[in-house]
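Take a look at the structures below.
The following pair of complexes shares a single chain, subunit A, combined with subunit B in the former and subunit C in the latter.
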Partner chain A sequence: MCAFAVLTGVLFNFSIDTTTVRPNEVATGLIWMTLIFGGLLGVGRTFHLESQDGALQGILMSPAPKDAIFLGKLIANFVLLYVVSLLVLGVFGLFFGIDLGRNFGWVVFVLAIGSLGFVAVGTLFAAVAAGTHLRETLLPVLVFPLMVPMVIYGVGAMMPLVSGRPFTEVEGNVRMLGAFALAGVAAGAVLFRYVVED
Partner chain B sequence: MIGVSSGRLVLEAKGLHRNYGSIVAVGALDLSMSEGEFLTIVGPNGAGKSTLLSILSGAMRPTTGSVRVCGEELDFARYEWRHRIGMLSHQGFLYDRMTVEENLSFYGKLFGISDLEDRIASRLRRVGLSERARSEVRKLSHGMRQRASLARALLHDPDVVLLDEPYSGLDPAAAVVLRDVLEELKDGRRTVVMVTHNLREGLEMATRIAIQVGGRFEWEGSLKGALWKDFESHYHSVVEGRV
Partner chain C sequence: MTTAGMRRGGVVLTVLGLVGLIALYWMCFFWVSTEVNQGVVQRIFYVHVPAAWTSFLAIGFAALASGMYLWLRDDRLDRAALCAIEGGLVFATLVLTTGPLWGKIAWGTYWTWEPRLTLTLLLWFIFVGYIMVRNSTEDPDKGKRFAAVVAIIGAMDIPFIHLSVVWFRSLHPEPVVAKPDGPTLPGDMLVTLLFGVLVFSLLFFGLFLFRYAVEALRAEADLRARSTA
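So, the complex of A and B:
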């Protein structure tokens, strides 16, 4: 995932002529798309270890609550994706010359909320895909449509921030992004047992 | 229906049905088992034996019907009853890249076992894997993996032990270890259900035996002292519908 993030940043750098477009405006959209594609690589492997020798069945037959299993997987995915998102921010900052300045704290906060929303949806659908033969092929088809609100509000929140605008201007977008993340976590925790139980 | 013998009722299934689309894997099946009983279920491929075991273990919901373990219904919203069931399946439920010890430790924590280190050491000793405790599961032979899985299934000292083809792919030495452990399970306290294709092994262990065909128990009873060769011809008669 880290290698993917860095390489994507490098490729985008060469594919976009920064003399004809404003780097800040392009970079935020690309950062979110890189996170979604990179994140999909990570969440697609959420149940990879458990798929061997029926280990998922083993933990599902234990007294561990299903929502706890989901939240454990979600936390692991979140930590991984958040580290990658900070790396992506650094890479794009370097290649596109983004000056985060005083909004650095708010930008990483927005990325944290976005990462949480993504992994909540991604982890749930990774469980759905793990029960099929298509797995990684099916996952983007299931996840991408649900990422539309995240991209809209994520980009809507981050673009003004990287342009040096105050946080109050993007508060509405951040709230919507937060609501998306919380709804994703709650829905995942509730629905996970129905997804994994036969 | 398989009836109840003397002793505390441990495992009870009523009106179990499980369909896969139009295919009936388990149909109208009732089962009652008391403490200390060892039921062997035999039957041809596709008879629904593994499906039945999955339902009894709580790994799969029946389409209709209910299962009770020690009087407690298998309610999927609750988890306490899972302490009472141990299952050895075709799959070992083990993590390939973790050692045997790490696997048992992981499952022990999921089951909230307090004396975990001692328990792991004792189970590994029993299945003859003490020396391979620190080996990664993926580096073990099939027989050793099966023994590690058996240690996992018995780690939390379950009241009901469900065994799905436990002898499958075992070499003679591993089969002897398994047989010894299964003999120990007949301690009068545990209830065991074993699904097998191996009529000889099945007959040897069982206090009761059932022949499952087309999702139903077509024949059940006790064959204490019977020769497995005699049972084999009886089995074929039942499966072919001559009985």
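So, the complex of A and C:
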């Protein structure tokens, strides 16, 4: 996933004409798209490790509550995606010449909420997709339509921050992003047991 | 209700709906007055808006039935959700075809990333996702559970999508009926619109009952095939 992030940055650099668009204006959108594509690769493999030798059945038969298993998976995915998103931020910052200045802390914070929102929905649907015979091909069909609010609020919050505007201007966006993430985590924790029961 | 009763109910509602549809078209083309700013093209509104309302009714209904299914595990609830989703897909497709036809004349372009249009497109994808998930498992019960989860999450996401796309940009005509200070639509237009909503709801529930009866018969046939085998 780290190599994916760096290489996406390189490819995006060639896919836009830097003489016609200001790179640091499109970079925010590209960072979020990289986050989503990379995240999809990551969450798609959530249940890959357990797919052999009936390991998933073993975990599900253990006395651990199902929502705890979901939250465990979610935390693991979150840490992975968050590390990658910070790397993406660094790589894109370097390639596109973004200077975050004093907003660095807020940008990192927004990325954390965005990653959480993505993995909440992504982990639940990874479990769904893993149970079908379409597997990973189904995941984008299910996840992308639901990710629209996250992209809109995420980019809406990050774009002004990257161009040096104060945090108070984007606070509403960040709140909505937080609400999305919380709703995703709560719904996932409740619905996960219905996905994995057998 | 028995399957035969369902079918009779479906026939009655669908016939009523079809008769109503003819009346609605008559009202659209001959009765209602032409809107001043947009002209004749505005008449598509009486098909477009009722179809949109119906498709949102469908996802709400499907999510409710799905939630109840996960709780009570009654196959009838799952069937109801599936039939609502299929009906919703039809009506969302109607919205997505009439919308651009109108948009080409009123906005000068078939497609813009306008909030309500975007919302309907995403709703359409949620319907498609539901059907895809349901049909891609070997174990039918698993497919039912997965699909129910998709319907619930999809319905939960709709307020978020709505808020975000409205916030993003708005070109769409503002609501003319569901407003805090009462509808601003002139009388005959409001009557035509509400009649359209009634007709489309009748059609939706008529088709829903038909579809439901088919699913019930299929379940019964499955059961019989299994008991003789």
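In the analysis below, the second predicted complex is superposed on the first by the 198 of 198 C-alpha atoms of A that agree within 3 Å, B and C clash if a C-alpha of one lies under 4 Å from a C-alpha of the other, contacts with A are read in each partner's own complex, and residues count from 1 in each chain.
As a convention for this text, a residue touches a chain if its C-beta (ideal position, glycine included) is under 8 Å from a C-beta of that chain, and two chains touch if they have at least 3 such contacts.
Everything numeric here is computed off the predicted structure, so don't read it as measured data.
**Student:** In the superposed arrangement, does A:Glu197 touch subunit B (first), subunit C (second), both or neither?
**Tutor:** Both: A:Glu197 reaches subunit B and subunit C.
**Student:** Of the partners subunit B and subunit C, which touch A:His133 in the superposed model: first, second, both, neither?
**Tutor:** After superposition on chain A, A:His133 lies in contact with subunit C alone.
**Student:** Contact-wise, after the overlay, does A:Val84 reach subunit B, subunit C, both or neither (first, second, both, neither)?
**Tutor:** neither
**Student:** For A:Pro145, select first, second, both or neither according to whether it touches subunit B, subunit C, the two together, or no partner.
**Tutor:** second
**Student:** Using the touch criterion from the header, give the chain among subunit B and subunit C with more contacted residues in subunit A.
**Tutor:** The partner that reaches more residues of subunit A in the superposed model: C.
**Student:** Would you please give the residues of subunit A that touch subunit B in one complex and also touch subunit C in the other complex?
**Tutor:** The answer is residues 197-198 of subunit A.
**Student:** Under the stated contact criterion, what part of subunit A meets subunit C in this complex?
**Tutor:** 121, 124-125, 128, 131-134, 138, 141-142, 144-146, 148-149, 152-153, 156, 176, 179-180, 183, 187, 191, 194-195, 197-198
**Student:** Which stretch or stretches of subunit A touch subunit B in the complex?
**Tutor:** Listed in rising order, the residues of subunit A that touch subunit B are 49-50, 52-55, 57-65, 193, 197-198.
**Student:** Which subunit B residues qualify as touching subunit A in the complex?
**Tutor:** 54, 57-61, 76, 79-80, 82-83, 85, 87, 89-97, 107, 110-112, 137, 145, 152
**Student:** Can you tell me which positions in subunit C touch subunit A when the two form their complex?
**Tutor:** Going by the criterion above, the answer is residues 70, 118, 122, 125-126, 128-129, 132-133, 136-138, 142-143, 145-146, 148-150, 152-154, 156-157, 160-161, 163-165, 167-168.
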